[in-house]
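Take this structure first; my questions come after.
The chains carry the letters A, B, C and D, assigned in the order they are written, with residues numbered from 1 in each.
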């Protein structure tokens, strides 16, 4: 960490700052330039609050050199993490397809769709039991009952299951869930992250709507710092000024995250774009950019197709996505 | 709600959609234009998922006419809500000053600062016991012990207290807290909002970093739908491309929210700008724009001033903010 | 266009509005709902200022149904536009590689690099003669002299050339330039767009840093309305809150624009990411998403590699990008 | 400027970089830390391209310490610049009201409104002759004829006039215009800025929709570097994710810019919010935050009020804004 002092910083204040930093157990290396004094900090600076130091009267700027994430950092863990989910591998060259409906609605719905997405190429089954909805008047999900239906579908198809958690208090309901999803709105629900860090569950952590890649890794770090290293990152679109798509899918996050961390990265083109016809080209682009998998919303009610989300594909359309994405994966091998 | 169909929408699909909408208990009024068919929906449309309908093959666009928030809507509640916090009124012309340190650090610290901010004009005392920190390695707050210290300071000064909650499971610790704060990162932690809706606590709800004003009101609606109407909204800066300030303080939110809702609105210029010298001009601007109060970070350790946040004021600087803001309030009466 | 009136709109004002709209030559179809009155406008609404109508006292909202762009609209021109640039086709299945240095620096530099990018697979040569720089103290380009050097490189290699224009007054210097580029900062320099609309030059129009896709098409429309239909669109990253990459490359713009317009779309991963190692994965992703070409910065001074931009590739690295991108193109055929 | 090298940077490359930097006339001070090597650059670093150096293989990061703007920098010019516009002073404690219609439409319109805004308290008259419109099919302004009408209104009222320029080629038409406005979309039209730098016109420079404060100052620097120091900055809203207001008015820009530069700063609440009822509270807030003036859209056609913009005030409403804003100015004196 480098602390750049202001031109006019007085000796006494500078000395006070140096002592305070040394009090934190850091080595302080002072460089007196013609115009500026620079302090180089040596040691474990991960506990220094960069915003706090930046705000000091005598400080011009602070530059963190080493990243504040340790467990998630590729520097200290050069090999890709490969996560084994009941035999389905994610990361390190294994590409996964997570598919299923937005919400679990009935035993028939989830059972049927589970079989259909499996036949179409899905390797994991997703379905929402707890639904974070902007409106308190909207359907909030079947909750515990929905998880039971999902577990039943898992039994029937053999597909490991992924479903979202919204509160640490619900953890007991997730006992047999293979992958616990943390949604974008809860990416910085730190109490939930801490609780998941104490479990041995695979966690699929979605990037917040306006979270930087570093913040995403810091949230992964919350889970990993608790001892649970099984974290899968998920980019699902960020909020920008553009209104043509629901969010803006940031595919450069894939190679960027790959250079920062060893954790696997999956892409959710359904939520990112909010438009069914964009799912296939974005899925193919994600594979071309080096993603470790896809998370795609699939509906199965032809007679009620009207009610399905704008971002949802039919099982047939999903099968086509898998086929075309596999061509990309084959081509870049 | 108005549903605009695509040019080429077929009769059968249109009929299916109309039947589905009628099945939701809505009246459907069809308008066949030369080029377009428009469906006007009558009745309670708050349960219709606008994104879902938008995504239908035959739908060009959907326009919600009535707002999806009911309890928070000024249309149905024209008078300002005035919240009484142990005798301190917020809203309807009463201006409040919420002041105190970012984190509670020790009995002496919070006791001293409580007296100082009271003397300087504060009407409510704030202090962080549970601290949402980006890094798991940063100080996470004194938690329950911090609340005890805050309660002690309340006893000594008579100032009602405001402190942040991070998980519904911690609610019992907040029994004697006057105002429970929901932080920006938890604005869409819907399980927490629901839990607060079942209490009779005053809730200070901070706008998320990338939340629209309508989303803020929908989160207030979560609390109010549970029966708790004592919600204070707080604008604390939104995330934009600009890096000169930590966030961009959206002061137009004040008159805009005033036209949308009857709830009181306070402004937090400390977190919004992240720069101490900007707190005073932004506090004055907030008052001029019609805010119902301010939330300001104040530190009190002159001998440890180095360690205080970049956005924190000394008690003296805070007294100056109060004095100058009061002049504005006087001028616009 | 649909105009939704406020609940309490008075008859007289409504009548005035209807008359004014009819005065613009539009048919007005009035729908009196239980709660709302809606006006359906028929005829050419492209001249109606939507913001102006939205602002009227009695208007709740306005919804444009038909897009305000005509010439660029795929609805009226279903087939892909294919632009022939001295034998190099862009659009309709032909993939182009535009490559070259950020700035033209010397006769040797541009001559050498032109040969190298041609050998590596480039189909068009780019090079900056006029350089839009944030700082007035930075190198502003070789201007007219640079264009001469570029023309010389064109003669030697046979590659058609692409270079940026910054002012309509410079047009005479572009007489022999094959493709005139309009940079992101000039996307809404309407006087420049109008001037280009009166030429028969191929125009490569870059999306502005915070321009929506519709605004990009409206700027293309400025050129096309003047009679010049040879417009190539270019996505080069948008400005968001994320700082890990210079800008955020919006690859969903490719399929989205493809549905809105018949014009070809190329992607500039160099400027979008600002990071050399991200150019290859983003180039491959762009091809997978259906782009019509790439624009890539290549430098050629091994002995001065230090001075080259962070986003620039060596000719060898560029050859690798072409090879890998061609695999994607082959796979998706 | 501080250049932070990567951990593993090799001696030879480092030496090459140092020589290259010295070749630019800079002093290079090397600091070898335990983990990192840091280069401190001394001398005029304004010509160093920070993005270029950042991109070098061996460079971890670059931190500019001195700002790249010189003429606009308050450090080198501590006193407020006061600009005299035919007797109307802007800056240094003098508050100006720039008012008038969005577009000049007819001799009667501009003549009438000029008298009305003068009576209401305006100190400068604005009116658009050249209109930057998103659509080529929208009214593009009366151009030269509009300027003549504006000059006539100036003669009749004595108010100095402000009007927008869109192309340097139109400069001769602006001979008698007092203040030449550069619109948000042209803030980085560098050829236009350079041309204005060679005139002795007062320039009102609007912040681009997604321009940082530093970029705004760099554009001012373009004008000032040419010898013209009469620049007034104007904040008019930035583009964010929020859609409740047309743009987000960034009032923290006022105190922030005041600390960075000595140039006057005016606020345009009309364009920023796009909503007439928000103009007054935002005008008052701007004054409270320390602005040097306001730019407000006023219309005057009561019989055609329907046609006026959503952001426009009547002369009476403008008079009320002046009265209330003057109370704020009085209060903070």
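What we mean here is this: contacts are C-beta pairs under 8 Å (C-beta built on N, C-alpha and C of every residue); 3 or more make two chains touch, one makes a residue touch a chain.
Here the structure is a predicted model, which means the values were calculated and not measured.
Engineer: Tell me the fewest steps from chain A to chain D, where a step is a jump to a chain it touches.
Structural biologist: 1
Engineer: Please identify the chain with the largest separation between its CA centroid and the CA centroid of chain C.
Structural biologist: Most remote chain from chain C, centroid-wise, comes out as B.
Engineer: If I rank B-C and A-C by number of C-beta contact pairs, which comes first?
Structural biologist: More C-beta contacts join the chains of A-C.
Engineer: Can you compute the centre-to-centre distance for chain A and chain C, using the mean CA position of each chain? Integer Å is fine.
Structural biologist: From the centre of chain A to the centre of chain C is 31 Å.
Engineer: With centres defined as the mean C-alpha position, give me the chain A-chain B separation in Å.
Structural biologist: Comparing mean C-alpha positions, chain B is 26 Å from chain A.
Engineer: If you average the CA atoms of chain B and of chain C, how far apart do the two points sit, in angstrom?
Structural biologist: 39
Engineer: What residues in chain A touch two or more of the other chains?
Structural biologist: As it turns out, chain A has residues touching two or more other chains at 210, 239-241, 243, 275.
Engineer: In the complex of these two chains, what residues of chain B are touching chain A?
Structural biologist: On the chain B side, the touching residues are 13, 16-17, 20, 46-47, 49, 51-52, 54-57, 68, 132-138, 140, 166-169, 185-186, 188-192, 194, 209-210, 215, 218, 221-222, 225-226, 239, 246, 274-276, 305-312.
Engineer: Would you pull the chain D residues touching chain A in the complex into a rising list?
Structural biologist: 2, 4, 27, 29, 31, 33-36, 38, 40, 42, 60-61, 63, 65-66, 210, 239-241, 243
Engineer: State the interface residues of chain D toward chain B in the complex, per the touch definition above.
Structural biologist: 210, 212-214, 238, 240-245, 248-256, 259, 272-273, 275, 277-278, 281-282, 284-290, 324, 327-328, 330-332
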